[in-house]
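In what follows, chain A forms one complex with chain B and a second complex with chain C.
For the complex of A and B:
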């Protein structure tokens, strides 16, 4: 009697093992499907783009159509590089960060300190809505505010403002969430030492949540690094390196769009995309590293 | 019904006169009048929700962090009303130790001890700082354990060591009173015993007010005890007398484990 029971249970278990294997197989296949696009993208960018990457690519301005056409006709590499785009991207990202980081962190602190208050709830909701606003709309707004009224023309400043607005809600949220994770007991410990409230925030809460704040900022930067739509309406583009905030300026994603529209420059699309991807990947890895260290 | 004033105290360091504290008009502490003697350990006992933590926090005005709080009556530290002095100054005279050890995770052991000076921006010479750190860590019997790792993070220490570090942090200002809110409730028995020994030694130089859930702890280390129930002070007296011969029937019931 007993032996039959054992046999039966073995039967059951082999069925379960089979199911287990099937599910495991499905999980592996689906995971592969998930990661395959990113692998294929990077593969394509590397294969098509690596030949154009050189020192010139980083320090030369974009070639004109004629130079590119001649090179393509002779089967040579397209001369020149995307230095104007690299400089423009750095310039606008730095200014956008300078605008968004202080405002975002202060707003985040405000939200953390006033949990449940009417103003804080409204601010949080508006910030969340802002995160969902299409980037081209932010470009339009910046066009109306800055291009039409302040710089009287397309400008790096206008581009930075639209990027800063994009970045703002991410920093607000990450600051608030980071501060919320800090135990109340630390705040109490500092207050019980007679530390004034503003110093508790500046010298205890912010240092304790520092890595969280930095992670939020890095993710925000990597988000705006590849933004194209708002820049089309604000920074416009430029074939030269430009450091004047009130003048039209290029950016890497803008150049990719320009190369796409010029049949002679198509060869540069891949290398520019590769560079942009590499920058964003590095930022993401750095922020992952910071999060890992924090634990 | 109110207070049993067996403990007649001359020159009290702390005196509470008719102190009441309410959250949203619900009284958590009702008309408490107590005089606390210098260089003693005074235990506040009572069942959960009796207002003992609120009373303790009212002594360094940490209760004001909660919203909609009202405080009536007065509390005098060496004859001065604490509700009329700046809270920030008061807290430097009233060290506080919490239930769970809470060293600052970004700071080294050394910086944790000196944190009160650092965070307040009080300038001190390096020699003075070194001296304060060593004195405070010696006071809590932690110096020998950590003197070779002063610049490691305070959070690497064990729970009991962290709690002693937090006591050292409170001692660094040489406060007059140290308020402790169940300081051993998160610790194991050995760490608890160390802290208890420490408190008995510390009362030579400081006055300690201790909230505790643990009656035997109160019996072991306190000189005076307050028994609170539903926000009222039921009984106040020498710990020995209270444990051997409680006056109020509620105290007796609590001490004999009939409720609580």
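For the complex of A and C:
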């Protein structure tokens, strides 16, 4: 009788252990499934896209659909490149950064300096909510503001504004988080020496938190680099390199969308995506490296 | 002393700018959607008709509201086991190990892939696969869109719940271990209850992300303007209908699209506010 009881309890316990192992196995398998898309996607981009990548691809404008059709019919690589998209992306990202970074950093400093105040709390909440606004809605906003009232037509400026609104809350957040990690004593030491407040910001807070700020900025840029939807409503696209902020301008993601919709050009989608993905990967890895060094 | 006042004033006015920005966004969206709401009234939200024929234009947002909610819920359900397992992997089972670090970087990279690249991959890889598996038709529809959305929102749910799970105090867990609990029992009786609200907040925020995703959904959902009647039907979400129809829109149609944008803005705003509120309560 007694031995049966012991057997039973052992049975029970081995069942528990088995269950434990099974769940661990399931967690490992499901985690591997979770990361498989990133590997499969990058693999697909490299395999399908590498042949098209060359110097021409970087420095020439997009071919017209007829050139592309002829090349495909003859079994050749599609001529031309995506220089108009590369230049447009750089132009709009640089302008968006120029708008978002100063405002974002100053707001982040304000939030850090006024912890717990009513205004700071409201600003932080609004900024968090802005971060969740879908990018296509930001495109609509910039269309209503810039396309309709300022540039009177689709423009690089409108594209930049939608990207800047997207980037702004990320910069605010990362600035505040970075500053919170700086020891309070550094700032107090400077203030005790009678250093004016703006110099404390420029000479103490920003330099000490520099790597953190840069990380936030790089991640912000990597997020807006691949945005397509807001640019469809604002920058529209262009088959030529354009440096005029008030004119329609192309961008790499916009070109991918155009290629995808044009059966003759569809051969260019993978190489363009590969280039875009490479830019994003580099920004991500550089910012990871900075974070790792800081620790 | 004077320069300090100026500095403070500059900081203050810049943060006022953020508030003005948000207020201005709401103002412009409301202003832009007024014609649609004036013409259709409440019917705009509850009507399923989308007819751009000139002269008898009728616009109702219901098909897109339903489409958005179905795709986002389905995406959330599909992503749940994946992101939950991943956050256990990162925050509990392999916390602090090299494997977890690499896995964490890869999960973060999922968030870095542009929506349009997800769309291409979904169109050229996932869709043919679904057709081969016998999911019918051309492989377009709510289900395909949800599948790709599920992958896209994984990093948002994972990063928050992984962080919260990692914050559960070790002595709580050790107490359970010393009573003879297995790892699984520690997770179900200590870790999950302690981290519950954080995990829930992570899912709410990732649901908010799903609501507004545009390109990948546009490329896979099939773009039909009817209320979908099953998970395998084609449809449109609020974001995808704006992307699809914006190019040829003016007048009442443009106003209707802006009205859909306003509804989307409000929906994501409320969802995000709830998520943040839960996180705030936790701290």
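Note that in this section the second predicted complex is superposed on the first by the 265 of 295 C-alpha atoms of A that agree within 3 Å, B and C clash if a C-alpha of one lies under 4 Å from a C-alpha of the other, contacts with A are read in each partner's own complex, and residues count from 1 in each chain.
Note that a residue touches a chain if its C-beta (ideal position, glycine included) is under 8 Å from a C-beta of that chain, and two chains touch if they have at least 3 such contacts.
Since the structure is predicted, the reported quantities are computational estimates derived from the model, not experimental observations.
Asker: Give one of first, second, both or neither to describe whether A:196 is in contact with chain B, with chain C, with both, or with none.
Answerer: both
Asker: Touch check for A:45: first (chain B), second (chain C), both, or neither?
Answerer: A:45: touches chain C, not chain B.
Asker: Where does A:204 make contact in the superposed view: on chain B (first), on chain C (second), on both, or on neither?
Answerer: Once the two structures are laid over each other on A, A:204 reaches chain B alone.
Asker: Is A:145 contacted by the first partner chain B, the second partner chain C, both or neither?
Answerer: In the superposition, A:145 touches chain C alone.
Asker: Any idea whether chain B or chain C touches more of chain A?
Answerer: Result: the larger residue contact count on chain A belongs to C.
Asker: Per the contact definition in the header, classify A:35: touching chain B only (first), chain C only (second), both, or neither.
Answerer: second
Asker: What is the shared patch of chain A, the residues that chain B and chain C both contact?
Answerer: On chain A, the overlap between the chain B and chain C contacts is residues 196.
Asker: Of all residues in chain B, which touch chain A in the complex?
Answerer: Per the touch definition, chain B meets chain A at residues 60, 62, 65, 87-92, 95-96, 98, 100, 102-106, 115-116, 118-121, 166, 169-170, 173.
Asker: Quick one: which bits of chain C touch chain A in the complex? Just the residue numbers, please.
Answerer: Touching chain A from chain C are residues 3-4, 6-8, 10-12, 14-15, 17-19, 21-22, 24-25, 28-29, 31-32, 81-83, 85-86, 88-89, 93, 103, 105-110, 112-121, 123-125, 151, 154, 158, 182-185, 187, 205, 208-209, 211-215, 219, 239, 242-243, 246-247, 257-258, 261, 264-265, 268-269, 271-273, 276.
Asker: Report the residues of chain A in contact with chain B in the complex, numbered from low to high.
Answerer: Going by the criterion above, the answer is residues 183, 185-186, 188-196, 199-200, 203-204, 207-208, 210.
Asker: Spell out the residues on chain A that touch chain C in their complex, using ranges where they run on.
Answerer: 16-17, 19-20, 23-24, 26-28, 30-31, 33-35, 37-41, 44-45, 103, 106-107, 109-111, 113, 119-120, 122-123, 125-137, 140-141, 144-145, 165, 168, 172, 196-198, 201, 222-223, 225-229, 232-233, 253, 256-257, 260, 269-270, 273, 276-277, 280-281, 284, 288
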